[in-house]
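Shared between the two complexes below is chain A, which pairs with chain B and chain C, respectively.
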Partner chain A sequence: MNLDTIFVPALLVAFPLIAAICLNFLHGKDRVVKAVAIISVVVVLVLPWITDAAVYWFGGHPQVENVTGGTNIVLSKLNLAIVYKYAAIQKLFIAILAILASAAVLIHFTERVSGVYVAMIMLGVASTSAVIMADDIFNIFVFLEILTISQAALVIAIGSIQAYKTAIKYLIFGGIAGSSILLGIAILLNNYGLLNVSDLNRAITLDIEAGIPHALIVACALIFVGWLFESGMVPFHIIKSDVYSKARPSVAAFMQTQTKFVLVALWVVILRLFYGISTFNALVLGVGILSMVFGVMMALKQTEITRLLAYVAVAQAGLVGVGLGIGTRAAVTASIFHAVNDALAMAILFLSVSVVLHITHTVDMRKMGGLLWKTGYVPFLCLLGIFAVSGMPPFNTYQSEFRIITAASTAGYPELSVLIILTSIATLVALMKGFYTIYLKEGQDYLTDKELTPVSYSWGTEVFMVLLVAICLAIGLTPQNVFPYIEQFVQTLGVI
Partner chain B sequence: MYEKFFEKLKQGEDIAGAFTADFQMVLLISLGVLLFFRLFTTVRLAIVASFIALLLVIRAIPLVFRVSKEHSDTFDSMLFYFALAIGLVIVLLGGI
Partner chain C sequence: MSLETLFQPMCFLTAAGLVVVGLYAVIFMDNLLKKIIGVTLISDGVNLVLITGGFNKIVAIISPEQAENGVTSVIYEGLKEYPEFAAQAAYPLPSALVLTSIVISVSIFAIMLAIAIKLYNHYNSMSCSVIFKEVDE
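Up next, the complex of A and B:
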């Protein structure tokens, strides 16, 4: 039996989808849900590693040669089916996503068991994996919609009025952004008769030789607006941070990872289609800078710990956008590296907050304090997480931020280097303020009864935090184990 | 500036965080102006423009309270910025 034909890239999407359907169906039967969820989590964790790098054509449809597209453009090769591309970079993204999905599921089980809740997490894994791998723009759109719905559902699961309001707003904006992407796709389909990104790339390359058509600019603008929403860039940074802050922190850790990976995956698609539009990179750079600065500014102003972390996550996504907007090969590589690194580092902080909320039952930092000796190694791990997010050596984000700063200077933007360094310092200030308030400030009411007794908390969260800190350190000390794969990926894009 | 911050302090605002955020805003505007003018005009003009921008921004401090007021979670505010963004994106991508 040839395992290569069984463990195909499509299974990375199909399995979590099937698991989501089963878990949803089993909701209410707690013991069965728990068993199925744990099996699903194990499979989701293992699948990215046992699946070989491959290009997968759905239905086994081959490429055909010398075909006329929707216009009179003749393409040497044309994909007839939906194509998934699975290489080292996709493997890395999906593996990290699986770790954080597992953390969200297992931490959820320490509070209660809900089949629907776990189903939504599995739906999130499936949709993000599809967006990361798909080379078909309509397939990407469909899974972006599923992603938005699953994220909104995870916020609704909190059950508060504020969470409902946030979820409804998120769905409305998701609907508008989704429609925007769909309209952009419709224009492309009308002009070129194609949906495959590689085919569209070739067709557009031939078409823009005579000048950039206006329809292409409008399509780019519409899909770009969708990208702004999916990646939580200005002006969608408010709703995105609202969603992170209203969800459970363990799920917010997973969501911010989804956002960063979708940011990169969708940007790659947009770049491959619209690289000919000269102002595209400048626009990405502009929204990246604004998201980075506004994110950190708003983080400094917050009194709720979840909102503080949410804005820091937005600021870090902005930093990824800055690297992508600079547009040189070095900057883009560093930026994708930073997306990976920051997703891991931010997850440490969100998980530490999940322990804090378990004890305090409030997100208001003014009501917190005195938890330093009450939560085991969590404060220490949280401090390491703060150093990691702020880009301090020897953590992984230092490696990526340093590369972005260097790339910005080399590309002729020393002002950006200064701004990135100052943003890192401001991030450290915001996070240290949160750390002081939660752990070092005088004790609060919830501790007075049992002042000297360590408070119970979930040890599973601590295990995941240790794992994430270890990964951050491992990548920070040996970036050569990850960085070359990203370099190779950027090189194969062929448009930078 | 001191009085404005002191007024906010009396209202229970976190002044340390606000001051850092304001510092960040001042740098964003002055460095942004410097970058823009340097790329599209001359270095001398860029220095003068960024210096003027710096003076104007410092006069307008504290900015962070205005910025955070605009970062409201209300639906109409978000929708306004969304409409503004889509308009700007189309105009800028069109190369106007």
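Up next, the complex of A and C:
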């Protein structure tokens, strides 16, 4: 039996989708849901590693150069199918996504597990994987909409009225952003009759030789608005941070990873289509700087721990945007590398907050304190996470931030290098303020009855935190294990 | 000017109208239900643009290089034998896309309505100024 024909890239999307449908129907049957959830998590974790790098066609046929044999049939050179591309970079993204999805499921495993909750996690895995792999712009739109639905549903899972309010705001904005992307796609389809990104790239390249058509600029603007929403950039940073802060922290860790990967994947698509529009990079750079600065400034003034982390996540997404906006090959490579690194580092902090909330039942930092000796290794791991997010050596984000700073200076933006360093310092200050109020400040009422005994919490959180810290350190110490694959990916784009 | 020539521009105008009305509802109306309807109107307008784009338009499914060399697709080559049909045939791809888009819109609409019911039960009001009053408190 040839395993290559079984473990195809399509399975990375199809399996979580099927698991989501099954789990949804099993809702209410706790034991069965747990069993199916465990199987789904294991398969989702294993699938990215056993799937070989390949290009997968849903129906249709691969591109053909010539047809011989006396036939007068003209076969198209276009990708007359939905194409999924699965290479090293996609493998890395989906594997990290799977780890954080399994954390979001397994950390709450001792509680009663909701089938719909696990289903939405699986839906999130499927939709993000599809956006990362798809080379078809309409397919990307469909899965972006599914992603919005799954994220809103994961916020609703909290069950509070505040969560419902956040979810409906997110869906209203998501509906408008989705329509914006679809209108951009409609304009492209109207002008070129194509949906495949590679084919559109070739068609647009020929078209813009005679000048950039107005329709192309309009399509670019519309899809760009959608990108801003999906990546939580200014002006959508408030709604995105609201979503992170209202969801369970373990789910927020998963969501911020989805956002960063979608940010990169969608930017790659936009770049391949609209690289001819000179202002595009300047726009990305502008919103990147604004998101980075607003994010970190808002983080500094927060009194809620979840909001603090949410704004730091937005600021870090802004930093990724800055690297992409600089637009040189070195900056883009460093930026994609930072998206991977920051997703891992931010997840450590969100997971540590998961333990804190389990004990304190409040997000208000003014009511917290005294948890340093109550939560095992969590404060130590949290501190390592803070260093990782702030870009300190020997962690992975140091490698990527250093590369972005170097690329900014080389590209002629030395002032941007200073801004990135200042942002890193401000991030460290904001996070250390949170660390102090949670762990070092004097104890609060919730600890008085059990002052001397450690407080119970899910040990699974600690396991995942250790794993993430180990991955951050491993990438930080040996970036050559990851970085060349990203370099190779950026080279193959052919437009930078 | 014949009705057929006017059909496509009129459809685009209608779509623009739907989008503008939808945006107005989302931005300026206080009632949550009207905002939700506004989102669906925007979505309907965009669907109309998508499907109108395919009206009476044969787009050659060939690569740009092939087109430059004067090659036409086998799919539409056959249509030359039926000029009347070819003149009136619509590009079928947008129809398939709109179908998918409608399903997604309905899903989002359903979830938004379900949340709106929850919020109404809690606040006994559909007014956004009531529901989102203490959101930043």
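Here, the second predicted complex is superposed on the first by the 482 of 496 C-alpha atoms of A that agree within 3 Å, B and C clash if a C-alpha of one lies under 4 Å from a C-alpha of the other, contacts with A are read in each partner's own complex, and residues count from 1 in each chain.
One rule holds for everything that comes next: a contact is a pair of C-beta atoms (placed from the backbone, for glycine too) under 8 Å apart; a residue touches a chain by one contact, two chains touch by 3 or more.
Because the structure is a prediction, the values reported are computed rather than measured.
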When chain B and chain C are modelled together on chain A, clash or fit: fit
Which of chain B and chain C A:I176 touches, first, second, both or neither: both
Partner chain(s) touched by A:V218 [first = chain B, second = chain C, both, neither]: first
Partner chain in contact with A:A186 - chain B first, chain C second, else both or neither: second
First, second, both or neither for A:E415, with chain B first and chain C second: first
Partner chain in contact with A:I6 - chain B first, chain C second, else both or neither: neither
Which of chain B and chain C A:A203 touches, first, second, both or neither: second
Included angle at chain A between vectors to chain C and chain B, based on C-alpha centres and rounded to the nearest 10 degrees: 90
First (chain B), second (chain C), both or neither touched by A:A474: neither
Which of chain B and chain C A:V429 touches, first, second, both or neither: first
Which superposed partner A:E145 touches (first chain B, second chain C, both, neither): second
After superposition on chain A, the shortest CA separation from chain B to chain C (Å): 6
Residues on chain A lying within both footprints (that of chain B and that of chain C): 172, 176
Residues on chain B engaged by chain A in the complex (per definition of touch): 14, 16-18, 20-21, 23-25, 27-28, 31-32, 34-35, 38, 64, 67-68, 71-73, 75, 78, 81-82, 84-86, 89-90, 92-95
Chain A - residues contacting chain B, complex: 166, 169, 172-173, 176, 180, 214, 217-218, 220-221, 224-225, 228, 234-236, 238-239, 242, 277-280, 282-283, 289, 293-294, 296-298, 300-303, 413, 415-416, 418-419, 422-423, 426, 429-430, 433
Parts of chain C lying in touch with chain A, wherever the complex brings them together: 19, 23, 26, 32, 35-36, 39-40, 42-43, 45-47, 49-50, 53-54, 57, 59-66, 68, 71-74, 77, 91, 93-94, 97, 100-101, 104-105, 107-108, 111-112, 115-116, 118-119, 122, 131-132, 135
Residues of chain A touching chain C in the complex: 73-78, 80, 138, 142, 145-146, 148-149, 152-153, 156, 161-162, 164-165, 167-168, 171-172, 174-176, 178-179, 182-183, 185-187, 189-190, 192-193, 195, 199, 202-203, 206-207
